[in-house]
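Labels for the chains are A, B and C, by order of writing; each one numbers its residues from 1.
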């Protein structure tokens, strides 16, 4: 078993499953590239009516795969390449999805998890799911485009708490913040999500595609560049200058050494 | 008795009543045109302090008058004319209202109802009111300008549920989503709304007009064209190309035949 | 004892205390100018990790100091100077704060109070705190830039109620509206805020500064001019033309005479 993003298409529904055994489905670089391929291939399936995104083994996604971070995060160019060419292009491919995208959220939905969930249209979570982006503990900020996306879906107040306090939220908190569409008991979650997918699939696919197009164009308004679904302007030239900093190294080293960081 | 939009002015308060007996006040084309005339005439009443919008006979408005749809919806030019020149100009006339606009919401507030409510400043509903825009069942999307308006007031998450899932929401749901200002027991609603109108009318009309002007200019920001209160750019050239489609015809035919549509 | 904005720096935390004994910390012009100086000086403290804003004697801030209003509000040029050069520059200086800004909100948080709170990142309130901007009772509107700021943080629905109905909200209301991060019993508030400041100070200061920079650039998008943190365009030429109006004079006179205004 290894890290994967699996695509299964059955009738008019595509199911995308994040899987990284032993790591709560943390996104490796391979998974980000695979996620993009999966959503690019979904774009070429005109008969599709709905896409379901879920995680394996009781978690949605716990964040990035920190075990890979020392390999590329401490150099500005490779760090920029990671965020702009691997993470963002995958998220953009999700945002391009022409049909309703439903997230089934269980367990950890952190960092990369909250970013992928922010690309979904309908988010349903189990009662015990937990949400956050506590990367300030790792000594680094959320990349600008990713933060724009999350702020738009999560709202200013909760995003600030996630990023500035490293706060963790319950499913009920995220329902109150209008991020989640529904919260259901964990053991009823999958049935509820399947019913949602069925309900969406029985409605007019043409209406769904046109409505998604309109909503996408709305959230793209306000952005400096509004080509396609670019909801955000390009990051500033110095956005990744922190790569080689002491805090960045300390945050990631402390995590890998299972100790508290000292900033 | 027939379909009407009635205007009654008493002292500094104008009351606008939607009425379409037997159809839960569904908006006919005649009512859209009349709604615009009513709000255009309100613009010329400098002494006014508050406008109240309500529906007759226990409902706010259940949507559009579907019995008229076969006459004009299946041709692109007449469909565009309906949405851009009848519906949007009426909604724009409501958005232009210089004084506080209060919605008293009872029963059904669907489709056209949620759009008109989205033009109001203060929205008060009875406990049993229901909200949605389940037009995906009818095979067509919400027109771009109308969806922009609704998304701004209802929020992204709930708008997506209304449009992509055909979800229906209670008054408490819409209060939690910050769409409603207040929810009160049905039998206390009218008294509560009258008290609201009184309270607004006793405050400085100059402050009200200037505050509305500022808030209107805010929500107009972000739009591609910001003339007047145009909060949205003109729809794309192909926005109404779906007019003559199979799904559009099937959705409306199924509704008129009182059967489930097959998409 | 007189009106003051006090700055105390201890280790990496700056505490800013609003104080105006006998007036619930209402902001005098002197306090606005001092507030700007304080936040300008904070910008020059690179070692700072967190700023705490609080009010003296059980209140955050009850609004502007109305006893000064007759001196400058009835002339357009001095009114404009007050809002644009005293109030807005102070608020802008708060918005420029590079590190997380935490508000500890007790008692009254009205008018100027809600504006200053809207510049903060994390807002924690005691259960008995009250929120509003009932200036329509005083015969004048919220200045355009200030209303833009408040609308962004408070949301459209609640802002409209504050400005058009002169509505007052509880801490729980403002938590539901996603304005507050947390509401705690009054007697636990200060301990909770200190714990928040500690938690923020232990995280990576670099991450905090970069995350604040990103979020600030987001909310600046959409504005007509986006230099620095200007989230709003310059006010229209006629924004302060109401200075010498009958309603403005009556509203302020009635307040000073402790009677209800007649508009």
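Here, a residue touches a chain if its C-beta (ideal position, glycine included) is under 8 Å from a C-beta of that chain, and two chains touch if they have at least 3 such contacts.
Bear in mind that the values here come from a model prediction, so they are computed numbers and not experimental data.
Novice: Applying the touch definition from the top, give me the chains sitting in contact with each of chain B and chain C.
Specialist: Touching chain B as well as chain C, we find A.
Novice: Look at both sides of the chain A and chain C contact and report whether the same residue positions are involved, with over half shared, or different ones.
Specialist: The interface is built from different residue numbers on each side, given that under half of them are used by both copies.
Novice: Rounded to a whole Å, what is the gap between the Cα centroids of chain A and chain C?
Specialist: 34
Novice: If I count partner chains per residue in chain C, which residues reach a count of at least 2?
Specialist: If we look for residues of chain C contacting two or more partner chains, we find 176, 178, 222.
Novice: Can you tell me which positions in chain B touch chain A when the two form their complex?
Specialist: 135-142, 144, 147-148, 151, 155-161, 163-167, 176-178, 222-224, 233, 236, 239, 242, 245, 247-248, 251, 261, 263
Novice: For chain C, which residues are in contact with chain A within the complex?
Specialist: So the residues of chain C in touch with chain A come to 100, 121-123, 152-153, 176, 178-181, 196, 199-200, 202-208, 210-212, 214-215, 217-219, 221-222.
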